[in-house]
Amino acid sequence: MAKRTVNVALIGYQFMGKAHSNAWRQAPRFFDLEWEPHLKVLCGRNREALEVAARKYGFEEIETDWTAVVERPDVDLVDVSAPGHLHAPISIAAAKAGKIVWCEKPLANTLNEAEAMVATVREAGVFHALFHNYRFCPAIQLAKRMIQEGALGDLRHFRAVYLQDWMSDPSTPMVWRLKKQYAGSGAHGDLNSHLIDLARFLVGEITEVSGVMKTFVRERPIAEGSQETDTVDVDDATAFLALFESGAMGTFEATRFALGRKNHNRIEINGSKGSIVFNLERMNELEYYDGSDPSDRTGFRLIQVTEPVHPFVSAWWPPGHIIGYEHTFVNLVADGLQRMAEGRNPSPNFEDGLACQRVLDAVERSAERKSWVSVQ
Amino acid sequence: MAKRTVNVALIGYQFMGKAHSNAWRQAPRFFDLEWEPHLKVLCGRNREALEVAARKYGFEEIETDWTAVVERPDVDLVDVSAPGHLHAPISIAAAKAGKIVWCEKPLANTLNEAEAMVATVREAGVFHALFHNYRFCPAIQLAKRMIQEGALGDLRHFRAVYLQDWMSDPSTPMVWRLKKQYAGSGAHGDLNSHLIDLARFLVGEITEVSGVMKTFVRERPIAEGSQETDTVDVDDATAFLALFESGAMGTFEATRFALGRKNHNRIEINGSKGSIVFNLERMNELEYYDGSDPSDRTGFRLIQVTEPVHPFVSAWWPPGHIIGYEHTFVNLVADGLQRMAEGRNPSPNFEDGLACQRVLDAVERSAERKSWVSVQ
Amino acid sequence: MAKRTVNVALIGYQFMGKAHSNAWRQAPRFFDLEWEPHLKVLCGRNREALEVAARKYGFEEIETDWTAVVERPDVDLVDVSAPGHLHAPISIAAAKAGKIVWCEKPLANTLNEAEAMVATVREAGVFHALFHNYRFCPAIQLAKRMIQEGALGDLRHFRAVYLQDWMSDPSTPMVWRLKKQYAGSGAHGDLNSHLIDLARFLVGEITEVSGVMKTFVRERPIAEGSQETDTVDVDDATAFLALFESGAMGTFEATRFALGRKNHNRIEINGSKGSIVFNLERMNELEYYDGSDPSDRTGFRLIQVTEPVHPFVSAWWPPGHIIGYEHTFVNLVADGLQRMAEGRNPSPNFEDGLACQRVLDAVERSAERKSWVSVQ
Amino acid sequence: MAKRTVNVALIGYQFMGKAHSNAWRQAPRFFDLEWEPHLKVLCGRNREALEVAARKYGFEEIETDWTAVVERPDVDLVDVSAPGHLHAPISIAAAKAGKIVWCEKPLANTLNEAEAMVATVREAGVFHALFHNYRFCPAIQLAKRMIQEGALGDLRHFRAVYLQDWMSDPSTPMVWRLKKQYAGSGAHGDLNSHLIDLARFLVGEITEVSGVMKTFVRERPIAEGSQETDTVDVDDATAFLALFESGAMGTFEATRFALGRKNHNRIEINGSKGSIVFNLERMNELEYYDGSDPSDRTGFRLIQVTEPVHPFVSAWWPPGHIIGYEHTFVNLVADGLQRMAEGRNPSPNFEDGLACQRVLDAVERSAERKSWVSVQ
């Protein structure tokens, strides 16, 4: 089968740039792909740092002006890993230039931006993808399959928390993620977006929400040890109640103030026939309760999702040999490339990003009004 | 020191009657008490079943009319373990008769009842206690002590779920706990009352709430296998968001539909200096995160709360030898008797029950109005 | 059905005396028994302490001379809870006096003593029982039932540790348990005896062993803070390899030097069809792996052994409401009384104690010879 | 700083070939290395499969004759990932040709081979390394650092099991790992070698052992579903007791018959000041008990070894974002390359392999003689 090479331009070289470049590099090493990515150009503003990053990540070229990159004829795919406020302008420009666009989540900082982005990719008729990588934990894929097969029956409860603690200390200095103009929101957009995406993937659409947003520390030093401070204008923590189209009820909570919790993205789903529990910090495991087990030996099973029969696992290692955080990106990239090779759009994509944004937005409105709000 | 004998009349001989009678019987066997309970009379409506229960639990006499019991001169203390709708009438009658009144939780089915009960015990000047037994897990007592000592710093998050599954199957027949007239509410009053009491004990007063109440199964057979059904008019599940006087935010969820969860009363508290986690199903353990540990060796500690230095433990067994559910009642009884011997009212008591009822009530109103509601 | 009262004489009022007296007292409160125990007489050497204990535990009388107690016509059953070196003389005297004899484990300090005890009870034709209480964890009973039903298939591995740490600190003073003349051995007799009993109960007889015994701290202060020391002449830790009659292999380890472990009695059994794990510190749980589960959803199940269908549980509390350490004694007492009422000897009994002692003895000989030794 | 390119020839392209090639490829992408590996040539016997593997793993060339490879002047480093019986001939030939030799563990199939290998590399004066990758779990490195700093005090117990179940089913067909001529031994060499290496790394040298080796299934089909069988002449499971030079005692067990256990490499170390627990299946975590914690809040801490202050972690992801199995190889490769760049030999290396082999050998002899045996 003839392979096709996909030239990738990656905008952004920090945390997400590192994770995405690894994914583009590793996908063809572990999966049999018809479309093979080539790390063509890495784009950022600081030339010096960019050169170091490009060499380390294995990119062929660098570029400091993203407007130039999205127009380059030798670029097939633009990967948008820049801060949130740049998602919309870069994605829109790239789509208008006819490029495949893959964007880091959350799709945008505002609902307006997200709507414009979706309108543009639809109009341009380009493939688009969204890096909601946690869908690609084998354990989440297994959960999805089990739910689709009916192993959980009718779903009644979705219960999710995403707990971190990196802002818990008031002396931790200001970063762009704490300013609304760059990040849109705080823990809400950053972390609840993950939970909402998993909820939509596993349980379906959310119709109504009631939320609360809290900022525990309003002023932070502008730098380590500085006396000068800047104002935090996003949420440190956001929790909300939700109702699903399916009749299930949901609870969501995202915070950067749960001292001791590092990356505790935990979801539990209870259905009429079974239940599951997932925790990202132990992402190779899925707990599963089968209500049809003999009554004297029921219990949550600790499934090690490392068997060849499990989704995406056969590309990796033998049973009990775990994979890590970055593998979710590799799996996502391999899956999206394969879909495109088959003429299908990747999933999740901008439509999912928009749907997620609608929920994020409804929560913000509900917190302001102090009442329940419908999603759209 | 001269011992005083306290003659106990226990109204109700089912689940709670069994737990309470054990507590009265065992307290003096493990604690040195100045006031020693005597199991004087057991009261219930079915004479035959009552006789069996009284013999088994070790009561001296039986009685089928509670109105007679509360007037008996040889009764010092009335323990109200009957269904919820009887808490108010029995407690009020007992208090008016000058008896010490100990009541099973939740205090009442409605806020009005709770207010009347508190007014009566105040007026009568009698000792009163409430069986919020989970406060008396040594792990919860330890948590309380640590919070008071400042080990957790400023409290930011209270996160609690009480998950059970005994109503998850739609064919499970109707019981009194599913009828508003007897139970007041469903999972909410039964389970959220526990969470609210722990929240008040550990974090302080709740000022505002937004809740949602859900009934998944509206009609149930009136008996095992019957075709005839009756209507469930209470909640199967209730979740709510809360704000605390202290500035902390809280999430609460109670359900009888979390398949696989049996008695999963789990709370997590995050403060500026430390965090704790408690789960009733492993009630001898407390997880504790100390933010001041060296940065390369921080982590949640699994404290086995079975050391002689831990609250209430020295009465029981050596380290690692666990206690069970009923010990929380024994500890509560021992503590309350000792307080009374010292001329102090037990804690928790009717005042706590009323404060809890105010939160329960506010949640119900908020769920109806679909907006945030102040507690009182 | 006519009840029979069994007058119990308990020799020893310390830790085990407390646990045993509770069991005699509580058994008829939770189980329907034909033979009901009566706490007749408590025996010990210190009259003052004995009086306090008798009042607290609920005994009718006290006695400071055990030789008198075992002859009393109003005593039906002698419960031997004194230190190890007294098990043989008391048990033998009681059996010769025609009493039912129940003895704390391990049966004896030496194999010779154990053989004499078994010979005596056989000759006297009296009922005899041994307090190997951990068999009476509902989780262990469930494991037994599952193994008998074949749920685990052919057993290949038995893997057991009993880890404590109360001697880990060299400044902890001498106690009788560290002197061979009173205790027979150290961690070996105290803790490995439990593991061996569970191994025999669940897997069957051990035929051959190879062991190692270690004393980490040879000299200890005779009292808290004292400069004077005494010599520890028993093992602090003993580990051994074992072969079972059935073809399974086993590993055993007992220690009082596993810092951080309080009462960590953990066993794992792997069979051709399934596996189980039990840990006394979470004694209400049993982990179970069913090899016949669908290949994409196998995993160790965390069974909460708190359901009415589980052994001994229906006497206690609803699902998820745990029991504690002392309940194992209550279950054992209820079971033994019921067996006797049916004319059968309790189980485990002196025969089991002797079989256990043979293994303990073989391990000691193998450690001396530094080679494998057959059990008898 | 001038980089040096190291041309790597990898012999073997199966499981270990996949893991090693990934390590050579990824090391420079995440670490700043002075010596950068280049994937020069992949060697195996089946040309067709080899071509596919080389393309996928990113090798420049292929070669089917290892004797030619080790002589190539454009090869700097030979990585021996072929089955066990080829470790010695390839390593020896490579060293004689002046190549750097890195070998998969265990070093050899027999003690004689191991001794010859060490003699050769010493004589040749070449760098040599051994792929004992589990040393390079950040959690193990942290444990090492803590032990060196004295956080555990005097070490008393080392307790290790390596449990798998892939041979538990008697119908699973024969593979080379079950034949002595290719594999040397079974679970013992494959799995106990890992435990021994960790024991040596963390606790020090073993002086004496007593072991037992067991083969549960003697005959296996030669292929899936075949009636023809072949004889297993290695151990399915091997357990042994050990004494360390330091005075600690140890228990070791390796098996392929622990149904439900996939890659359960678990070690626990108890010292006079602290204890640690590590489990490869949750390799990003380290449990740590600090005996100096306040007495009412001691407990095993669950350290998430994902902080920048933890060894090797800063090359990877933020806190709570876990790494997987293959990262241990990447860390090992990065560390070994850096050591060589500094003129030092990698660690672990052939000397460690030989020391490990001496223990493996002593266990085999002790199992035959049924007595304790000194290590050399």
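As written, the chains take the letters A, B, C and D, and residue 1 is the first residue of each chain.
Here is the rule we use: a residue touches a chain if its C-beta (ideal position, glycine included) is under 8 Å from a C-beta of that chain, and two chains touch if they have at least 3 such contacts.
What you see is a predicted model, and the numbers here were worked out from it, not measured in a lab.
Comparing chain pairs A-B and A-C, the larger number of C-beta contacts belongs to A-B. Centre-to-centre separation of subunit A and subunit B, using mean CA positions: 41 Å. Separating the CA-averaged centres of subunit A and subunit C is a span of 54 Å.
Of all residues in subunit A, those that touch two or more other chains are 261, 298-300, 304. Taken as a graph of touching chains, this assembly is complete, with every chain in contact with every other.
Subunit A contributes residues 142, 146, 151, 287-288, 290, 293, 295-304, 307, 309-310 to its touches with subunit C in the complex.
Put simply, subunit B touches subunit A in their complex at residues 156-157, 159, 161, 163, 165, 168-170, 210-212, 214, 216, 237, 239-241, 243, 247, 249, 251, 253, 255, 257-261, 268, 270-275, 289, 291, 298-300, 369-372.
Within the complex, the subunit C residues that touch subunit B are 15, 19, 22, 25-26, 28-30, 56-58, 164, 166, 261-264, 280-284, 304, 306, 316-327.
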